[in-house]
Every structure is written in C-alpha cells, then in structure tokens.
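Across the two complexes that follow, chain A remains constant while its partner is chain B and subsequently chain C.
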Partner chain A sequence: MKKLLFGLLFCTELLLAQGTQKGQLSGNFESNSQIYFMDADIGIDSEDLPDERFLMNSFANFTYTTSNFSSGMRYEANQNSLLGFDKRQNGEGITYRYAQFNNQGLDITAGNFYEQFGCGMILRAYEERSLGHDNAFDGIRLKYSPFKGLYLKALIGKQRLFFDKGKGIVRGVDGEISLNEFFIALKEVKTQMLIGGSVVSKFQKDLDPIFILPENVASWAGRFHIHHGKWIVGAEYVHKYIDPSASNNFIYKEGQALLANVSYSKKGFGFSLAGKRIDNMSFNADRNLKGQEVSINYLPALTKQHAYTLATIYPYGTITNGEMGIQTELNYKIKKGGFIGGKYGMGILVNFSNAYSINKTQIDKDTAIGASGTMGYNSDFYKVGDEKYFQEFNIELSRKVNGNLKITGSYINTHYNSKIIVGYDYYGMIKANIIVLEAQYKLKPKHSIRTEIQHLSTKQHEGNWAMGLIEHTVSPNYFFAFQNLYNYGNQTKKNYYPNVSVGYTKRTMRFALGYGKQRQGIFCVGGVCRTVPKSNGISLNISSSF
Partner chain B sequence: MRNLKYLFAFIGTLSVILTSCDVIEGPFTEEAVVGECLEKCKKILLEDYTGHKCGNCPRASEKVEELKNIYGEQLITIAIHAGSFAEPSGSYFTNDFRTNTGNEWDRHFGISAAGNPKGMINRSGYPESNHILDFEQWTQEVDKHLQNKPEAYIDLDVNYHSTTRSLEIFSTTEILQSTSDALSLNMILTENSVIAYQKNYGADPEKIPDYEHNHMMRKSLTGTWGTDLGQKYYDKDDLIKKSFHVILDLEWIPENMSVVAFISKTNNFELIQAQETPIK
Partner chain C sequence: MLFTDVCCVSQNSTILLPSINIKSLEGKTLNTKEFDNKGKPMVIAFWATWCKPCTKELNAISDVYEQWQKETKVKVIAISIDDARNSSKVAPYANGKDWPFEIYLDDNSDLKRALNVNSIPHTFLLNAKKEIVWQHASYLDGDEEELYEEIIKL
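Right, the complex of A and B next:
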C-alpha cells in the first residue's frame, strides 16, 4: 500500500513532466518532542512519567500541484505521542493521501480530504493538531458549479480514527446559491444574498444486542447569509433524525441546532450578536464513541477564544447534548487626541457570552429524563434551562503610547460550571476574575520586548494564580522568553511553574527549545477540548517548509 | 432550461440521501435473551473501574446489571475502585475500597486517567490503546467476545471454614485449545452488597448514604499479574491444578463474597477464560 502511495505521488511528477504541464512540489515538516522529568513539587513521581521518558509527535506533508491536478500525502510518526494526547495516536504511517483534479469545472478528490458544509454544524472534517484532532474523510468528493452562482458538493467516505477508520460510512451533499450571481436581475443589487442546504446521512451496522438501532441516520440543514453595506445577517438550522448513541445515552429523540448572527461594522466601530440553541446534536460516525474522534459535525462554542495563559484556565467546551447561549461583542476606537485618545487613539473591545442548559421535561411520569431506550425528554424550543453552564464578561483596552510602546489591558469575569463542563464535581460553579496587562516595547531597530503580567483570583478550585512573562525578540531570527506561574490562595499547594524558552528562525525553518513546568488543565480550541497533564521537562519544536 | 437539469439532479440526490434514514417507532429494545452456559462455555470478564466519588459511575454499574441479566453467568464482573474518585476524603467518603492490585492495574492500563467510569472487556485491545471502553461500548464488545470458542475452562472448588474465616480454593484449568502462549492464572475475591456512600449525578441528593456496591474487588491472591500456569506448551485436555489459601478480613461478609478466577496471556494480558463461584 505504501509503495503504491509513494508511486502515486512521485511518479505523477514524471508522468506529467512528459506532457506539457509543469508542476510544483511543496511540503512542510513539524516535530514536537519532550523529555519528561520527575517533580516532587507538583506531584510527578516515577509512576507518572511515561515509560519512554522521551516522546515525540511529528509529521511531514508533501503536495504536488499542477494547474488542474494535485496530489499529496502526510506521513506521521508519533513515537510515542506526547502526554495529553490520545494514546491511540501512537504509531507511524501515511495518514493522509489524495489525488485531486479539475476537469471542465468538475473537481474530483479521491482519497483523504477535509470538508465543511455551512458553518459545520451538519458536517465538518478538519484537523486541529494542538488537540490531536483529525477526522479527515477517506473516500470520494465531487465539487461542481454547473453555472455561475450554484455550487454543489457531494461526498462519501469513512473518517479517520487515529491510524484506523471510524465504523460509519458518511454520505453528504451540499448546495449553495449566490442569488446575486444566479439571477441576472439581482446582479447589480448591493445586497449580497446567499442560501444553502445540506443533507448528510451515515450508515453503521446495528450489532447491539439490547437496542434496535437505526443503521441509516440522516440529517438536513438550511442556511442563509445576507450582506448589506455594513450589515451582515446569517443563520443556519440543522435537524437530525433519531440517532441513539453513547453520547446521548441511547435515546430515540431527534436533534436540532440553530445558530444565528448579526453584525455591523464601520471604521472605528463594530458590533456583533450571535445566539445558538443545541439539542441532542452530537453526530458521530461511530455511535459507540462518545468523544470527538469521528464526529461528523462541529458545534461551535460561541465564546471568546483567549490567548493569555490565565484566561485559558477555564475554557468552555460545547455541551453537545443541549445548551443555549449568546455572544455579543462591541469594539470601538476612541479617536486620537485628548487624555484618553492620546496621540494614536485607543481601542476598546467588550465581549459578553453565556451558555445555559436547555429546558428538559419528562416524557411521562415513569420515565427519567434521558433514560436509555426511550424518547429521552421533551424540550420547549424557546425555553432556557435552569442551569448556567458558562458566562464571561471581557473588556480589553489597547493603546499605543508612542512610536515604541503599546499597552493592552484586559479584565475578564468568568462563571464556569466545572461540574458540567469538565466534571470537577467538588468545585461546582467556579467564579474567577482575571486581569492582564501586556506591554510591547521597541528597544531599537530589530529588538523588541514584550511583557505580560496576569492575575486570576478565585475562591474555588485551585485558588489564585499570578503570572509574569518577558520575551525579547531579535527580528527576524531569535527570541528568548521567560515566564512563571504561581499558584496560591489554597490550602493544598503553592507551586511555581517556571518556563524558559529560546527560538531561532531562518527563513521557513524554526527551532524552539524550552525547559519548564506545565500545569495540569484543560486545553480547548473552539469548544473542543483535551486534558493537559502536569509535566516537567525539556521540549524541542522544529518546523520547516519548502 | 439547460441548467435546470442540474438542479433536478441535485434535488434528486438530496432526496435519495434524505430517505437514507431508518424509521424506528418502537419498541426500541430487543427481546432480552438470558445467556445459557452450556458445558465448558466461554465466559467474559468485565472490569468496571469506579470510585465512590464518581458521580457518573452508578450508570456504569446499572449497565453491568443490565448485561448480567442478558448474559447470566457468562458475564463475570469485577468492580475495581481506583484513581482519584476512589480516594477517601471529607466526612462522607471515608471508606478506602482501593486495593494494591487494583491500583496497579489502573495505572498500568491507564483507566482512571482516561476518566471513569471506564472498563475493559477481557483486557482486549491492549496495548494498542483500544482496551479502554466507555460503558456504552460494553454491550457490543461482550457480545463480540462471546462469539469466540473457549480456549480453556476453569473449574473452581472452594472450602470455607467459618470459625477460622479460612478459605481454600482449588482450581483446575482444562486446556481446550492447544497453545504455546505463556498463561497466567489470577485469583480475585469480590464482595457484593457493600453498603456505603456513593455519589450519583442522577440522584437528588447526589450523595447516597446507603448505596449498594456490588462485585467490589477485595483482594488478589495472585499478586498483580497472576501466577504462571507453569508449562511451556499447553496441549488440548491438559489439566493444571492449583490451590490457594486465605483468611478473610473481619469486615468482609463471606455470604456476599465470590471467587473470580481468570486466565490471561502473560505477554499481552488478554483473557482467554474466566470463572466465578460464591464462597458460601
């Protein structure tokens, strides 16, 4: 098989070289490795260390492209996977290979591909390496635009499950019409309108000796998007037919999700409001898996994605079995001049988001809510549940003081239902206040310093955290950084988590070497999370592309 | 007009996929069939990793009983209290139901680290990391393993002296399929109806003072990885006899206890047979 793939990739170049088309080969490589040490201070003894002591995640992509043809592959070697990544990721091999060509507007992909229908709530195959997530399809995909304004997609395939494939076969079609392109009468209209629809179905054999399960489960979605001047309005609704699975405790209830948003922006001012309702919308290519490994769809978290370390301690993960929430954001730039505006003006960004449970009532007085083998529960679409899952208020002020100094300050107030989101039962609702002050200072040409001072205060969970960071960058080749986290304000532990790192970049090649301690926690991207274990060690990151 | 055919084709495809949906109107469950163990039948071991502070674990325990109703004596269960959810703490969860062997299994197989409730069926899937299963996956996995023919059979004979609380166990392993794999015999004591606190997210209040803990692992008589059956090659019809002796702890109730024996391949820990018998 491997020989065949190498043949496909490299012989393609030779074959095409005989013709008139000239192709281009490109690629990239990345390796993340760590040596792990014991650390009595943060409770890492020999039993907690990986047997291998040294772990590494690495991959290389190669892509060959001509004007209407491309093929590529990815080789991965995780020997063995870094702590915190799923151990099923251990191993090596070709995990992604494809050939794609376009003939008279018909685009055909055979092999692996990523795809998204609409905003992804009905179908999204994507890779997020920092989470160890990759649910790429292995199958066939067609894309066709028979005429301007109509865009069609159809696919069939199985999804990647580490070095294997998920059990379910996924079939889907998606159509999108740009009304302004489609109807000549609307061509000159300033309002841009787009409508779309998808149908996705999965097949998995029913081998369950207890439940009578649907082997074919379908779902459909409709969406629209209107862009008029400074306004954008959009929404997508997804409906899923009965899909008893490990995620919903094998209930026979249909699922639905709605995501709607409106935004307005002009120079110096922007506003957006988004709302969502999710009810029993976990859609998995293997009904027996509860995680995101072979998830067919993606349900966005609708909360602000933070970059500051202490602001990421309590990240929200989407509750796929049911949640309702909103997010609103306002950004405004105070004009330059005066005490507040200064010489360059000041940016203000305010963000508020929340998520609540959905209303659930018993289907009858004898059946518990969510009981396996039943219709599960009744739910009033417009009613919010009693339980708060998450709430966050965030204000960020940024101001350029002079040509060399820029300061950013943030305040975040978080309510985090740890019992629901991550199962920290004892801590219940964690309420935290976070303050961040960041300064970027240009010392001299090519030399800049960035500092961060952060503080998180809470009476629950692990108590308070303080953090300091200083980073010196010598453009374009070097950086040096030191940061330290201090956990205090609790009775059980008062620990430091120092880290030092250096990096060297030369064109597309980058080396980064670090030594330090990692706190235990949850890492999320867009509502999808993984657990990060505590560790102490030396890490090395190498990346390169051509 | 020419373009309309594309729309019709697309709508047609949509319709085909949309109709690719099975309609099930109930009942949603199969008729339960109680497993009947014919002579020297295959038996499956389900290791349920749990803890008294694990609020989702009672759901896994319910699944165990549901499966036992279906598979009867062909399904044998050990509930292993291990990991942080099993640590004693506070004024309610003061009991320590952990055992050294259970802790070592938990660490070795990485079960509670993956977030209890989790379990293993015949320790299958190790070391490829497919051995850790959510309780929703247990049914199909048990069903799958029961399709295999037994490779060995364990006969257990127990002799309990109530005055001295002394328990003698005599095991006879009969090889049903020849093998050159190294084999280990594990002998475990379990106890049913242990009444103690348990957290249950499905109950109100969540802390249940009189929860009935069943299949609780109490002790291993064969260390962490069992005792070698002692042959380099096992021929069909070979009989290997072993005996064990133990004094029961005073807090254990013999009437509620069972001996669980299982044979595993020494190199990858996968089970080939299990057996259970009550002490009294």
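Right, the complex of A and C next:
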C-alpha cells in the first residue's frame, strides 16, 4: 500500500508538472549476485556455504526533476545479502525517498538525504555500496545562500541503520564564507580565502542502569582553506563534548580531531603533505553500537588507496579512539629526452604515510587507562604515542615505451600492526614488500592486452603471494580477463585462486560474469572496512543507468 | 505498476544537467549550471585519484586534447569524487600529470548521485544546449575514439 501511494505521488507530481514545465525522469539499476560452491582445496565445506546457495544485492533509483523541484526513491532487494555483507542488510523495500525544492536560493529537502560538513570529520552521511555502508539521514534539511560566497545549511534527522533507523536524533548547522566573493574589497586579491564552521549535536535517551550518561552530546568544528598561486593550505579542527559510548569503553572524556594539509603544484610537478591527530572521536548516533553503521562523522584514513590486488591485502582503517599520522605524496613528470625520459617522458609517484598511537597517561595512579566510568586518560596533544599502527612507502614509475606499449612498475613496503587494526593477536606487526609490474600493449586500434605480475613477500601471517593477470579489451564493448593468485611460503597451505571473467558494456549498460575463487580478506574504502570470506563461485554483475 | 508505466512514457530522450553545488580546487562553491563552453560541446568525466581506469581515460584524452580542441572546440571537465581521504591530493595529482582540463571536486558524490552514476569512470557528452546526448560507463583502452566520434556528430 505504501509503495502504491508513493508511486501515485510520484506520478501526480510528474503529470502536474507537465502543464507548466518539462520534467524529466532518470535512474539507475545495479545487481550483484553469486552462486556459491564447495571447495575442499581452500577449505570451504558445506557448513561454510550459505543456506540459500545463491545470493544477490540489488537496487534501483528513480529520480524526477524539473527546474526547481526533484524527488526520488530507491528500491533495494537483498535476497539475501552476499557473503561478507552485514546480515542486517537482508531484506527488501524502499530505503530512500525524498522531495526537494528550491525557492529563491532556499533549498528544502524532506525525507532522505546525504550531507557533509567541511571534510566530514564532524558530520558526513554517505553511501559506499561496495561496503554496504549507507547512513543517509531521514529528516529535514535547509540550504540557503543569500549572497554569492555565503552558504548556510541546517538539518535534523535520524540515520539509516539497514532497514531500520539509528536511535539518536542528529541536529546540525554549518556555515561557509568565501571571503573573496563575500567582501567586495577582497575581490581583486590574488589569495583566495575561505572559512567555515559547524555545530552538531545528537540526542539519545539514557537508559543505562549503571552510568548517568549525557543525553545531548554537542560538537563543533572550524576550518579554513587558502589558495595562493601554486599553493593550497587548509585545516579543520573538531571538538566533541563528553560522549561515553561502547566505542570508547564509556569514558567521560572530550574528543578532538585535527586534519591539516598543504600542497604545491605546477605543470608536471605536484607535492602534498597532510597530518592528523584523532583523539576519542568516534561519534555515533547510537552510543551502544560499536561499528560505524550510524556514525555521524567520517574520519578519513590518511594512507594511499591502492588499486593493485596484492597491495590491498593489508589496508589501513582509522583507529577512531586515537591516532596521529602523516602522509606525503610527490608527483613528477620527467621531461622527454635522454635515457630516463625517453621519447614520451616518465611519470614518478612517491607516497609515504604512517600512523601511530597518541600519547596516553593515567589520570591518577589508581585508575587504569581507559577504564569505564572515569575520565579515561590524559593526553599530550603534541606528543606521539609509542606504538606504531601503520607505515607505508610506495614508489611508482610509469613510462610509455612507444606508441603502443606502456609499462608501470610499483614497489610498496608496508608495516601493518594487525593486532590493533584487525585484531589478529597472534601476528602482531606484519611487514611486507610488494612488487607490481604492469604492461599494456595496443595490438591494433581498439584492441589492447594488459598484463600484471605482482608479488607480496612476508614472513608473517599467510606468507607470500604471487599473482598474474592477463586482460584483453576490445573497445567499446568487450573485456576478457584471467587471473591467478598463489599463496605460498607458509606452513599450512599452498593454494591457488584462479578467476576468469568476461564483460560486455554498451554505453551505460554493463554485464560482467566471473567464475573462480576469492581469497579471504579485508576490503576497505576510506575509513570503513568489511571482511570478505573466501569463496568459490559464479558471479554476475549487471548495471545500467538512464 | 500501471502508474509507473504511464510515467515512463513521458520521459524525455535528452536529459538536462542537474543543478548541483560542487567545489573548485580554490575551494569556491559553484553550481553545475555555471558550466559553460560558449555553445560548444562539453565532456564531463568522473574520476578519482585511486581509480586506475579513470586516470587512464583522462591520460588518453589529455594526449589528444589539443587536436580535439582544434577541430571541435570541445571542453573536458573532470569531476573528482575523492573524499577527505584524498581530496587534498587532487590538485597535485592533476598538475603532476599536466592535465589540461577544468577540475572540480564532488567530495560527497552529490553530482555523481544526481547523474545516476553507478561506478566510475563514467563519461557524459553535452551538446550546445547543455543537454546530455551521450554517456558511457567504464573505460576500455581506445574508448576515447568512440567519444570523439560522438563529439564530431554535434
């Protein structure tokens, strides 16, 4: 009945609108499915298989727009969710619907919406479908821009928790001024300056039998962004008031986060440096949930996001209870000519990042660090802690050898504190070296062959991995790929993980069919991760948009 | 179900660019309605610093851009969906690659969502009236030639 009503509303709007102005309907669809098989070689027996044997995640979005009005909905059907996704995601229904209109600069949204204040460290509602993450708000949002250069936002809402909603009510306001656009006197100034600030608070009833918990928890943030010639400098600071929660073991301590970055770039050269400090900054719309399902804020991991398979085996995720780290990256294009530059020049990319614990000392000699119901710990803002969480060095060289052949070589050295990041008590610090060689060769116009050879060596955890990939693409429609992973150099298992896939794309319609084995691993985007179990099966992905 | 069918009949064949706020590399907010190429075609390409096929596509277009512009006066606008994890690396990355495109940030994927992009890379072609006349998901080596054939048709 609810669905029918919505459909009716949806159409009425459309038909009404036709009289005055042209409306348009657009949308997209995606479905990812897999059939699961047993595989004694990699240790999958019938108990590990899902009862259904066949699982599918799918959704479709429909959006209707006129010049001042838009509305839309998403229907999701996960019957049932693929292995590796949260089981609370099983189900079907309308998970997103909204109506939005704009009247003389005032933009009003009723229903579901995504939003970000500043860089998101105080508030960010977003979706990352590959992770099954969606913490969209359900509520009201106002956006107002009275003058060019001044942007105001206010919102109130509850966040999506799979097919339910988080317990807390989130309220927030944000303002941003582009000084050069706002003040006439600064219009001609070469330096572009921007400042902004936000206040966010959440409400959740205190039903705790032991502790007296704050029902309203506030936080505030300030930020700036300066652009001068080839330089960009920016920073954001967030402060959160006392918020005892399952994530911080119910300590009565305020939280803070700082993210600062500077970059310099010109033709053929780019450099960036970023630093952050996070202390007790998990900010959850439900204090009793430990995960990030209804996280109000987003704390980015300041590490390189890798694309090569073996480089994604040990991904970092932000430690929200406290970390300090830096990241620096250099991009350089060596001019053509000479032995190094060759006929087309050579690209160099160097990246270094690390993350350490923050300094923590006891509040008094009788209280353990982080004990529930206490102030938790003291922390010196400028002091780095003793424990290393992560460190990575990466260099990548890319070069066009001739009109048809491109090669890329990459080296990565990783230190991965698996006890802290993923809770592998037994392995501790995993140190790995990874080498990747990629070659792309154009056979004839629109036909290309791409190969990857990768190797990861480590004495810890699962030992060494080797991988090979070959891919043939025929533009604009087809691809065919075969890859094989080999795990060796450990005591217990020596396993192959072969996989073959074919794909067909026609404009925005895409089919991909795969058959093979998948290694067990952690899959992360941004600061959010999910564990993907090992599997053997046939997968089919279909996507389309109009 | 019946209603939905009725709705679909009235769908237009071309889609106008939605009105969404994005950010320039200088930090300024601007609306997609401000995209302009003086009545000549525009290409909008979604990318991210961590997306290999995306950067491959933009590298490929960058190699032939001078010739494309000479013949069609087309403008390429590259929209990065990098969020706070990588957004400060976008300017150094694009400049390091020496890309000649206009580059903007869509750091919470608002424009990506409004344009119904499933995954990146995803490329749109706009005609003189800023209507989306062609779009393509994913990038395979040589796909830029198909895009160019579409640009020439305008």
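The rule is simple: the second predicted complex is superposed on the first by the 531 of 546 C-alpha atoms of A that agree within 3 Å, B and C clash if a C-alpha of one lies under 4 Å from a C-alpha of the other, contacts with A are read in each partner's own complex, and residues count from 1 in each chain.
The rule is short, and it goes like this: a residue touches a chain if its C-beta (ideal position, glycine included) is under 8 Å from a C-beta of that chain, and two chains touch if they have at least 3 such contacts.
Computed from a prediction, not measured in an experiment: that's the story for all the values here.
Q: Between chain B and chain C, positioned on chain A by superposition, is the outcome a clash or a fit?
A: After superposition on chain A, which the two structures share, chain B sits beside chain C with no clash.
Q: In the overlay of the two complexes, what angle sits at the CA centre of chain A between those of chain B and chain C, given in steps of 10 degrees?
A: Roughly 150 degrees separate the directions to chain B and chain C.
Q: Looking at the overlay, does A:306 come into contact with chain B only (first), chain C only (second), both, or neither?
A: After superposition on chain A, A:306 lies in contact with chain C alone.
Q: Based on the superposed arrangement, let me know which partner A:368 touches: chain B (first), chain C (second), both, or neither?
A: After superposing on A, A:368 lies in contact with chain B but is clear of chain C.
Q: Touch test for A:388: chain B only (first), chain C only (second), both, or neither?
A: Neither chain B nor chain C is touched by A:388.
Q: By residue count, which of the two partners contacts chain A more extensively, chain B or chain C?
A: Here the partner covering more residues of chain A is C.
Q: Kindly classify A:519 by the partners it touches after superposition: chain B alone (first), chain C alone (second), both, or neither?
A: The answer is neither, since A:519 touches no partner chain.
Q: Just checking: does A:207 make contact with chain B only, chain C only, both, or neither of them? Give me first, second, both or neither.
A: The answer is first: A:207 touches chain B but not chain C.
Q: By the touch definition at the top of the document, which applies to A:415: first (chain B), second (chain C), both, or neither?
A: neither
Q: So after superposition, what is the minimum Cα distance from chain B to chain C, given in Å?
A: Value for chain B versus chain C, nearest C-alpha atoms: 19 Å.
Q: Contact residues on chain A for chain B in the complex?
A: 47, 86-88, 90, 144, 146-147, 150, 152, 154, 171-173, 175, 197, 199-201, 203, 207-218, 220, 241-242, 244-246, 249-250, 252, 288-290, 368, 373-374, 423, 425, 531
Q: Looking at the complex, which residues from chain C come into contact with chain A?
A: Counting only chain C, the residues touching chain A are 1, 3-4, 6-8, 10-12, 15-16, 18-19, 21, 25-29, 49-52, 83-89, 91-98, 107-110, 113-119, 122, 134-138, 140-143, 145-146.
Q: Spell out the residues on chain A that touch chain C in their complex, using ranges where they run on.
A: That would be residues 7-8, 10-11, 14-15, 18, 22-28, 30, 61, 63-65, 67, 70, 102, 114-116, 119-121, 124, 126-127, 151, 176, 178, 181, 192, 194, 225, 227, 232, 234, 259, 261, 263-272, 274, 298, 300-302, 304-307, 329, 331-333, 347, 349, 440, 442, 445-448, 450, 473-479, 505, 507-510, 526-527, 543-546 of chain A.
Q: Please output the residues of chain B touching chain A within their complex, sorted ascending.
A: 3, 6-7, 10, 13-14, 17-24, 26-30, 32-33, 53, 55-56, 59, 66, 70, 107, 110, 115, 128-130, 134, 136-137, 139-140, 143-144, 199, 201-202
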